[in-house]
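Please read the structure below before turning to the comments.
Each chain carries a letter (A, B and C) given by its place in the written order, and its residues are counted from 1.
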Amino acid sequence: MYYFIYITFPDEDSARKVARHLLENRLAACVNFWRINSMYWWEGEIQDDSEVAMIVKTRAEMYSKVREEVKRLHPYTTPCICAINVEEGNAEFLRWIDSIVEG
Amino acid sequence: MYYFIYITFPDEDSARKVARHLLENRLAACVNFWRINSMYWWEGEIQDDSEVAMIVKTRAEMYSKVREEVKRLHPYTTPCICAINVEEGNAEFLRWIDSIVEG
Amino acid sequence: MYYFIYITFPDEDSARKVARHLLENRLAACVNFWRINSMYWWEGEIQDDSEVAMIVKTRAEMYSKVREEVKRLHPYTTPCICAINVEEGNAEFLRWIDSIVEG
């Protein structure tokens, strides 16, 4: 079982910092990130901000470790750290994730 | 149960208009959107357009209300309004969605 | 059953080439793509590259055909070709996928 964990960050610097930490600790094999706009409720008003979205590619059983490390390093009090299931993948890519993320 | 509902729009204006409507009516806690390129079959030809992709973060049971509101406001006759399941999420983020989207 | 198949490419040219091939062969009804940054382990080092992410919208039973065609045309030895399940979608959009991707 493999997850794409979707996380948003205030900017590229905080995204890169968390990405590097997850990779260096073998909690993920790969991350992708890109600039987005966000609209959301906060403190009773609709906010409209630029952010960075990230997909963290890892084994599903690493989810709670990833969540705890992201929470520890993330500048938000309530970050979005949501796991999407990978239903099927090409075997060589999944084996590659296994070779990096040893659990 | 929580969904990321993936919707595409022709431009930022139509995306923002729908986003604001969903947020104001408490049908979503947060939306993310970004520019994309799209290639697709339409009227017998492969089209190649710029669009805006959006992820709407909400409770799964709000899906049909979100779908109906998006269809009502969306400029396309056949928009993409596809729900992806959130397999796991950090409790404080999911509780935050619950606090906004009361159902 | 419908999938969003997430694939990354080194650049827009390779993404467009694969997109056109999938569409022309009715293996997908629509693709979306956008520029991303990627960080990942490769050859013992953390790489940091720009890439292009793509979502291929198709029927779930086409996954293995899509995977094989993407592997054949893709410049990487280990591309990411990961399927995400569409939990719910608006009927007119799913019927439109069916009308293009006949299986």
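Before moving on, here are some points about what is shown:
Assume a residue touches a chain if its C-beta (ideal position, glycine included) is under 8 Å from a C-beta of that chain, and two chains touch if they have at least 3 such contacts.
In this text the structure is predicted, and so the values were computed from the model without any measurement.
If each chain is drawn as a node and touching chains are joined, the picture has every node linked to every other.
Counting every residue number used by either copy at the chain A-chain C contact, under half are found in both chains.
Chain B and chain C carry the same sequence, and matching their CA atoms takes a turn of 120 degrees, rounded to a multiple of 5. Centre-to-centre spacing of chain A and chain C amounts to 20 Å, using the average Cα coordinate of each chain.
Annotation for chain C: residues 34, 84-85 touch two or more other chains.
Residue ranges on chain C touching chain B, taken from their complex, read 2, 4, 12, 16, 19-20, 23-24, 29-34, 55, 57, 84-90, 92-93, 96, 100. Within the complex formed with chain B, the chain A residues making contact are 3, 6, 8, 34-41, 46, 51, 53, 60, 63, 67, 71, 77-85.
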